[in-house]
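My questions all concern the structure below.
Per-chain residue numbering starts at 1, and chain names A, B, C and D are given in the order in which the chains are listed.
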Amino acid sequence: MSGSTYGNIFKITTWGESHGKGLGAVIDGCPAGISLTEEDIQLDMDRRKPGSNKYGTKRQEGDKVQIMSGVFQGKTTGTPISLVIFNNDQRSKDYSSISQVYRPGHADYGFETKYGFRDYRGGGRSSGRETAARVAAGAVAKKLLSELGISITAYTISIGNVKAEKYDLSQCSENPLYMPDNDAAQRAAKLLDETIKNQDSSGGIIECKVTGMPVGIGEPVFDKLDSSLAKAVMSIGAVKGIEFGDGFKAAQSSGSYNNDNFYMSEGKIKKHTNHSGGILGGFSDGGDIVFRAAFKPTPSISQPQQTVTNYGEDTEITITGRHDPVIVPRAVVVVEAMTAVTLADLILINMSSKIDGIKKFYIQQ
Amino acid sequence: MSGSTYGNIFKITTWGESHGKGLGAVIDGCPAGISLTEEDIQLDMDRRKPGSNKYGTKRQEGDKVQIMSGVFQGKTTGTPISLVIFNNDQRSKDYSSISQVYRPGHADYGFETKYGFRDYRGGGRSSGRETAARVAAGAVAKKLLSELGISITAYTISIGNVKAEKYDLSQCSENPLYMPDNDAAQRAAKLLDETIKNQDSSGGIIECKVTGMPVGIGEPVFDKLDSSLAKAVMSIGAVKGIEFGDGFKAAQSSGSYNNDNFYMSEGKIKKHTNHSGGILGGFSDGGDIVFRAAFKPTPSISQPQQTVTNYGEDTEITITGRHDPVIVPRAVVVVEAMTAVTLADLILINMSSKIDGIKKFYIQQ
Amino acid sequence: MSGSTYGNIFKITTWGESHGKGLGAVIDGCPAGISLTEEDIQLDMDRRKPGSNKYGTKRQEGDKVQIMSGVFQGKTTGTPISLVIFNNDQRSKDYSSISQVYRPGHADYGFETKYGFRDYRGGGRSSGRETAARVAAGAVAKKLLSELGISITAYTISIGNVKAEKYDLSQCSENPLYMPDNDAAQRAAKLLDETIKNQDSSGGIIECKVTGMPVGIGEPVFDKLDSSLAKAVMSIGAVKGIEFGDGFKAAQSSGSYNNDNFYMSEGKIKKHTNHSGGILGGFSDGGDIVFRAAFKPTPSISQPQQTVTNYGEDTEITITGRHDPVIVPRAVVVVEAMTAVTLADLILINMSSKIDGIKKFYIQQ
Amino acid sequence: MSGSTYGNIFKITTWGESHGKGLGAVIDGCPAGISLTEEDIQLDMDRRKPGSNKYGTKRQEGDKVQIMSGVFQGKTTGTPISLVIFNNDQRSKDYSSISQVYRPGHADYGFETKYGFRDYRGGGRSSGRETAARVAAGAVAKKLLSELGISITAYTISIGNVKAEKYDLSQCSENPLYMPDNDAAQRAAKLLDETIKNQDSSGGIIECKVTGMPVGIGEPVFDKLDSSLAKAVMSIGAVKGIEFGDGFKAAQSSGSYNNDNFYMSEGKIKKHTNHSGGILGGFSDGGDIVFRAAFKPTPSISQPQQTVTNYGEDTEITITGRHDPVIVPRAVVVVEAMTAVTLADLILINMSSKIDGIKKFYIQQ
């Protein structure tokens, strides 16, 4: 149980290291009959792909996804969908400088203590490259959600201390940082230029919005909609916090302000406000789901750092090679992917909640 | 799969509503040979118990826990430990005012949409009372952790806009709000008096610290130590956000600041700082685990609120009865419980990480 | 993970020992809206109850089941249903003769090796009494299945070398051995009288038939309908084998004989024969599900037996007390229960198999 | 949840169809530090490979396995091991004759009812080819078990009505049918020649023996050692029954005969007999584990058969192409594989059974 399987009904299993033969995901429990092509998935792979701008690492990963199983005549068959992405940029490199040294801010020390040794080439399983498999699986989940009218959009709302001041989602695709505010994106770009010059790195915050959710999705105790999303998003490397709706601000608020009042509008239940971020008591409440995830600065920086070896001596390390000065813009699609996978799972789980729905299902059949 | 089971090896299943016969937890997978008495558990139950001060609801729950199985001659047997807490304060009450109305900020609307109807007495399964079973299970997990020298301490660091300014954990037990700063606790008490007068409620923030963790606990991808804790803690009703170490501040930080340098000290690997909150790449890194959870204000307030009925009409609701003006002090022990259950599980999972440990285990036997 | 939880969506967790305070089951994931009373469950409890005839142990267990949660106004609420059966016949007894001795044919040796010590009173968790909780949970699963027109009937087809020669299910309730052949039951009764006189015990075979199953239930690879039922039924203590349809006879058969041909009848697909036992490729195939489970003779016999102590010495043991000379008649309802729980789970899992069904479900809502 | 993941700690996920790009298995939770090469796995793949004799299908599958991840410097790293077998014999074939017809004895009808349509090329996911991935995963599990001195040997004990009369395991590799009796193998070969001439097929029985098991493996209630093995082995297509130790014969036995007496021998606990098949109360009891699985005759036969179309008309089908007249010899290694995977999982689960072992593990570290 190295924890590479996620989900209960819509269940994904990922595998692969940054410097092995490739990476992949197996999706078990995807319903049959959904249209799916490699191009559908490639769209999201390309959004994650590095090298599209100077703030992403220069490594040319390619990231061409192949569907190995589970699709017949352009539709999912209900059986496992195996997705493979071959690694094609494995230049032979000298890792001797880091093979016995624990990089600060990295998983190296924990990894080696846990397993007795580690694949020191590029972070192995703890590399950011691991998220490629998540994005591939997420693209399939999005196809399922789109059949139900649900859509997910994530975007960068801050990089370092530069924050988006407007939320015009149409601008996200107009700047390389996926910010909903082109002006802020320009300021953030300047900050990143400075960061690169300083051989340093920056953190940032991603916000994610989900529209079209049915009401009542999520389970009432441990598998709440928000607790499930929290696990999914916090499992992305570098995420150090998550908040829903008003989040940490709600802790300073009052009930009379924080409660969203319900009202009827054209026969439907609506809310005047959305302090809850679309989730009440662990269930979707009809409002848009809104959450934010905080990413720490990339730990791989070129400055010399003090650290230790795996044989117990103090040492200094200077990390060379290609590294993102900020991971946030590339992580936008990863946040969407983990959100999609989680929602797909909870939506399928919800189908067995009441006997009426079950009877209808089986009588129809 | 209403999501009432949590954990993989150390696995808890909770049941019960606020106004049924009782609540309980079944712990499956607790190792044999741990000393356990009802008193061990009752200590934590009493910390959660309402009515100990005016900021907790006056309802006299009693909360006497009984061990129904899994303990023989004062020790756990390895088989399921069933814990039951009978509800003994079920005064017959008139729920007609809320039985057909969706309370703002509550799970009512989601619950009824999901299941077709709901147990409207006191929130049913979505009541805060549900956490009593978590606390009972958590007390057992703490016993396991204490055998390994691991201890967990949670405390209130803010209520509304009143924040603790010092962190003297010895003061937590000296004020009814579990704050590590008696002066701040006094200011918070004043705030709460005001809140009660306004028929309103307050939120707050709980911090949790874990000491004594072995290195390498947590799994590298989906079941990271932090993602697992995030799910556990976010599943407590009213939690709207969680952050580890520097958390959201890390998003504004730089890598050169945020990375914790390693150094050797008396043959052991140490860190100069703990921006990571004791977790790197999803593994415990030898530092104390530190996280904070944001609680929203209690949604049950006595002010009249606008809302709708379950038959689709606008209405006004005034919630009467006993409700906490702030849930935070009573939730401190719930945060500890969910942390304990999660750590116990990940610590047991970690035992199968390397073949050397497995061979030693079976050769010893 | 002591393996006390079973199922994925319809998930049961059992707890309790033969000589503790009681036993119970928590059912998580039972759909809301199913009528359920304690009487519904008690009917099956009474079928399992010992002491109703001389071939069952004389112990008066009572076995009154209580619903502790998950039912409101006579209907399941979708939240966990906790069922408790208090032990009320715990006469203080001297267990010193067996506390340090491993009974042949029992779990004692394995239990003590695994856990370091054991609750030696009456078998603890490995007692046949453990099945009371299964029966209670199974009764709830049957209520769900009956809403879909599915019914389960198990019966004794052999005891020792006495076999039923006709299968008149109406006769099952007419003899204390649940045989579909009153004449065979009389012969079996004579055999058991002889068995008791010899201080010995007998085995037997139970057959189970399920009617009304929808087609396509079961998952194609590991969670086949038959592999899932095999696990469920083999987990009942004393079961040493299971076979579906022609079972072991099919191993001597030919494809041309064993294949069940399909044909159309009044617009429906039918099979001329049912060698498959209603399951093909792991899916229900429209025929009745038919399987048989072999039970070994009760290991507790009054004859002196050679064995060893837990401190490594040879010894002789004479087991006293109340024990069934044959477990089979009381196990009939246990086989039904495990079948019901398994079918309920697979039927709920099947609901997410195709996107058409999912879209209909959510559009209807 | 199409049920393609199996196991809790040592967890395998398989994917792939007979006529897609390939098949594979992902093993999550394999401990780090085990030597593993592609050759280790290929040895078992070759035992399953068809075409090695005239009783296996002539299809040249190749079945070259590739390790895609999880191994570094010749050792497992603790992260997922992805194994891929590319399909390289996908001759374009005309499936129009079976695409709309439900083959008797096959999964076609259930598959199409469940998923709405099916990949009709060669059985898709329900093809025997699916077992290639199981064998690959099983080879890894065997490597783990061999580190603990546990070995698994399966062999054919009957084909049709020809039974092995002696059990000389050294003879298994001397005949193409894996029988421990060369004379019986010759008689079985004659039977199969006859079977082929008749355009028919035969069933058979495989026995499996496990030596070197530690005592106490298996969990006491649902996850018993035998119930877990039953699920694993019954999930292999064509298996219709399984029995442990004396199995169905035990149902006709008496307790005084069936109980295996314990005795001390050189300080160790032994049993005079092994009627239990090495499992008591769901735990390994120190004896060899012995079970038998009954395989039905291959359903694909060349004789014309009556059946129906998926548009509801009676029809006749004549199945052409390459099919095994008996599946049993090729299934021997599949039975070993599913046994290995199950034992590996239960052995890792067992490590958390008692606090003493846990304390030793963490104090050593």
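As a convention for this text, contacts are C-beta pairs under 8 Å (C-beta built on N, C-alpha and C of every residue); 3 or more make two chains touch, one makes a residue touch a chain.
Because the structure is a prediction, the values reported are computed rather than measured.
Counting C-beta pairs in contact, the pair that comes out ahead of the other among A-C and C-D is C-D. For B-C, the matching interface among the pairs A-D, B-D or A-B, defined by over half of the contact pairs being the same residue numbers, is A-D. With centres set at the average Cα position, the gap from subunit A to subunit D is 37 Å. Per-chain Cα centroids separate subunit C from subunit D by 26 Å. Centroid to centroid, with C-alpha atoms defining each point, subunit A and subunit C lie 44 Å apart. Among the residues of subunit D, those in touch with two or more other chains are 1-5, 8-10, 14, 29, 32-33, 78-79, 113-116, 125, 220, 349, 352-354, 356, 365.
A complete topology is adopted by the chain contact network, contact being made between every pair of chains.
Residues 8-10, 29, 31-34, 76, 78-79, 144, 147-148, 214, 220, 347-349, 351-362, 364-365 of subunit C are the ones that touch subunit A when the two sit in their complex.
Across the complex, subunit D meets subunit C through its residues 1-6, 8, 14, 102, 104-111, 113-116, 125-126, 130, 158, 160-161, 195, 198, 200-205, 215-224, 226-228, 230-232, 234-235, 237, 239-248, 250-264, 267, 269, 276-277, 280-286, 294-301, 303, 305-308, 312-314, 349-350, 352-354, 356.
Per the touch definition, subunit B reaches subunit C in the complex via residues 1-5, 8-11, 13-17, 20-24, 26, 28-30, 32-33, 66-70, 72, 75, 77-82, 84, 113-119, 121, 124-125, 365.
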